[in-house]
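Could you have a look at this structure, given as structure tokens, before my questions?
Labels run A, B and C following the written order; every chain starts at residue 1.
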Amino acid sequence: MTPTDKAGAAPGTLRDGRRLRIRTGDGRGVPLPLLLPALAGLAFLLVPLAGLLVRTPWHSLPGLLAGAQVWQALQLSLICATAATAVSLVVGVPLAWLLARVEFPGRGLVRALVTLPLVLPPVVGGVALLMALGRNGIVGQWLDSWFGITLPFTTAGVVVAEAFVALPFLVISVEGTLRAADPRYEEAAATLGASRFTAFRRVTLPLIAPGIAAGAVLAWARALGEFGATITFAGNFPGRTQTMPLAVYLALQSDPEAAIALSLVLLAVSIAVLAALRDRWVAAG
Amino acid sequence: MTGNHGAAAEEARAGFRADGLDARLVVERGTRPGGGAAFRLDVTLTVAPGEVVALLGPNGAGKTTALRALAGLMPLTEGHLRLDGVALERTPPESRPVGVVFQDYLLFPHLTALDNVAFGPRCQGASKAAARAQAAAWLDRLGLAAHADAKPRKLSGGQAQRVALARALATHPRLLLLDEPLAALDARTRLEVRAQLRRHLADFEAVAVLVTHDPLDAMVLADRLVVVEEGRIVQEGSPSDIARHPRTDYIAQLVGLNLYRGKADGHTVRLDTGPLLTTTEALTGPVYVAFPPNAVTLHRDRPTGSSARNLWRCEVGGLETHGDQIRAVLTGELPLVADLTTVAAAELDLYPGAEVWAAVKATQTHAYPV
Amino acid sequence: MTRTVRRNHRNHRTLHAAGAGVAALLALSACSSSGGSAAAEPDSPASAGGSDPGKVTGDVTVFAAASLKESFEKLGREFERQHPGTKVTFSFGGSDSLAASITGGAPADVFASASPRTMKIVTDAGDASGTPATFVRNRLQIATLPGNPDKIGSLKDLTDPNLKVVLCDKTVPCGAAAQKALDASKLELTPVSYEEDVKSALTKVVLKEADAAVVYRTDVKAAGEKVEGVEFPEAAGAVNDYPVTVLEDASNPVAAKAFIELVQSPEGQRVLTEAGFLQP
């Protein structure tokens, strides 16, 4: 059981025969109406993962993972998710700042629109991206004829699709942090001669760095698992647009064992990255 | 110090100066959905270079609004703002030669004390090295050289206050604004920091405006007090003038005086609330009459043969300790506040609801025209 | 009668699931794959033999390959007209996912697959009742942009590096068939994408993101004016058989059998041929 207190060893130990006492940090008991749903929620999240682990064909795992395509897909996934996170940061942090700090008519509407990709089925998002940025899309046709850029079926297209679904997570997270941050620091900076941009760069940005980091992690995780928008907008070609989720999905069609093996790799890598990042930030904060 | 500035202040009030501060600040705020009432601030301020003016007033009087308007953090609804002859109404805060010491200092938590102070010079275009050199000099001047590398959360309240002052001064402002500069400090630190701040303000050659609700801070730090109540100036003058001649209940309470308004006819003043009061000054027309709480003597029975001509029948409304004395709040013919020793209070057997006679000698009162 | 049997069958499963307790999800899947056939066996003959064999009634659930959608919906309406009191419920999808659902215990009476391979998954799991029968065949076609602006006339034309061609992924039937045709003609074709199913391959051409796709005739036909179909001779060597079967676990095997009979009847074949299918 995870909830133990830091103060002593007494709570969490078995006493009175078989009763496990669970206590909060201040030594008070955890009320059952909170504990039971919490444990149910935890089980709900963990049991499917356990199922994955139990059904993993461990003996044939090395053979399944030996294929170059697995590592190619993993590498592509990591690169694209990171690039999509970078894109989200570059446009998302200023967007969050705009939503949090600047009053303009229709701000509520803009905020709702920003969160739209959250509720949009990703496949629809992919189709929408094709309509906008595809070879015949309303913007894409100009990209094509002026710069010779076509995004569908390219790695850049994967990044675009992932950024599209990941950006709202970052914007919402950063906006929340900005709203919680004291805007008077920006005023203090202004009285010291800092332009709004300088104040943002030298004061606000460092202050909300933890929030940005948290938003970036969310966005990265979302991008890493992205499937629908990616396969719809960027297609599926090994080494170019076939990310791990696509590889897993297609493997599932023909070889469920391989799909499980691939999922395991994706899980392991994301857990490793998230844990490493979290430790670093917790230590820094 | 006061003598030096007195003449300048006189000149400033006459409005002939091109340097210093000359402002009429009007800020209107409609009723807000959050429940904030409509508010209008309308104050006129002229301050000479080298002069320290304190905006004194109760909470919600509009002092901080005035300060924010001066800093450019809040737009003026109307009015003007000239500093050394330059109109600043439309200048954004970052372009105003204004330095601000905020109430809770707002030191940037992610920067060291040195980098906090260097922030202003950096923004004004100094190189990183030059800005840090300047910052180091300021910290040194304020006795903070040893704390240059400390992050704000490692600084004591008094140190943080001085870093905030150094940060504001490092931009060489022509107008220094201090918002409740001592409010965040505990009583002991406050005494020490108040004395230091007074010295630094005395050295400051440009205009300084501070906002406070503490009369002692205002009187110690400022050359001139501007008392603001409900968005408008109710009284202005030197600390001693204001302390002696309060014109509102708020100021009277601040400086610890009983204050009444009435109509004088020679040595007798008919107070607006009814009773008569004898004074030493012979005046005619509307006047204020003030006397300190310790000028009041209390008696359980009507005193006989007392020389005091001012005698009222009152009831004890409440008792509180005030320093080493007891302060009695009296209601009745004339509401007033009286201070007496603990022994006297015990001898008189005072309790809320007790009936007493309050007497004040005419020589202890002070009357002055409205 | 069928209704009662059905309910019993359901209850049986529910009890299994409930008995497993906390890990409901796991228990359910375990129960349905192992216990499903055993539970159904005593029920199914009873319902088939006990009722009037000529009387077709009740609900019938058909799992069918996505490419059969239009024709099967038409046939479903026809079935309900011929047998008043029946109701046909369809679940269309990729043959692989449908097969996975069936072996996972999804309740269905009929499975119509787009490839013998996916049907084999079901028969290997012992979930099919009897031997599946091929009821139609489908053949590949090249879908090009309307008016065929790139003048594509053969499979070889698709190897032009300036063309953006999409294929189905090799793991899905249309991709496997296309690969077979390419291999037979010893052609090397690098597509821009291996799509996850035939509809998304076609969509790329409909949206003009790709210049051509290798899909089924039926898909080209269903897309109407939005794409143009080009026949190619190599397709003859890679024809897809569509098998259909009653499922072991069927709750209404009588109606299931009747539906398959309709699909195989001249009328059913006419509807399917109209949609672009070939007769077996």
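Observations
Convention: a residue touches a chain if its C-beta (ideal position, glycine included) is under 8 Å from a C-beta of that chain, and two chains touch if they have at least 3 such contacts.
Computed from a predicted structure; not experimentally measured.
Averaging the CA coordinates per chain and comparing them to the mean over all protein CA atoms picks out A as nearest. Summarising the inter-chain layout, the chain whose CA centre lies farthest from the centre of subunit A is B. Look at where the CA atoms of subunit A average out and do the same for subunit B: the two points lie 53 Å apart. Here the spacing of subunit A and subunit C, counted between their Cα centres, is 36 Å. For this pair, subunit B with subunit C, the centres built from the Cα atoms lie 86 Å apart.
Residues 182, 184-185, 187-196, 198-199, 202-203, 206-207 of subunit A are the ones that touch subunit B when the two sit in their complex.
Those residues of subunit A that touch subunit C in the shared complex are 43, 47-48, 51, 127, 130-131, 134-136, 152-153, 231-232, 234-238, 241-242, 246, 249-256. For subunit C in complex with subunit A, the touching residues are 22-23, 25-26, 94, 96-97, 100, 164, 166, 169, 171-172, 191-196, 200, 203-204, 207-210. Listed in rising order, the residues of subunit B touching subunit A in the complex are 71-73, 92-96, 98-100, 102, 106, 108-110, 119-120, 123-124, 167-168, 171.
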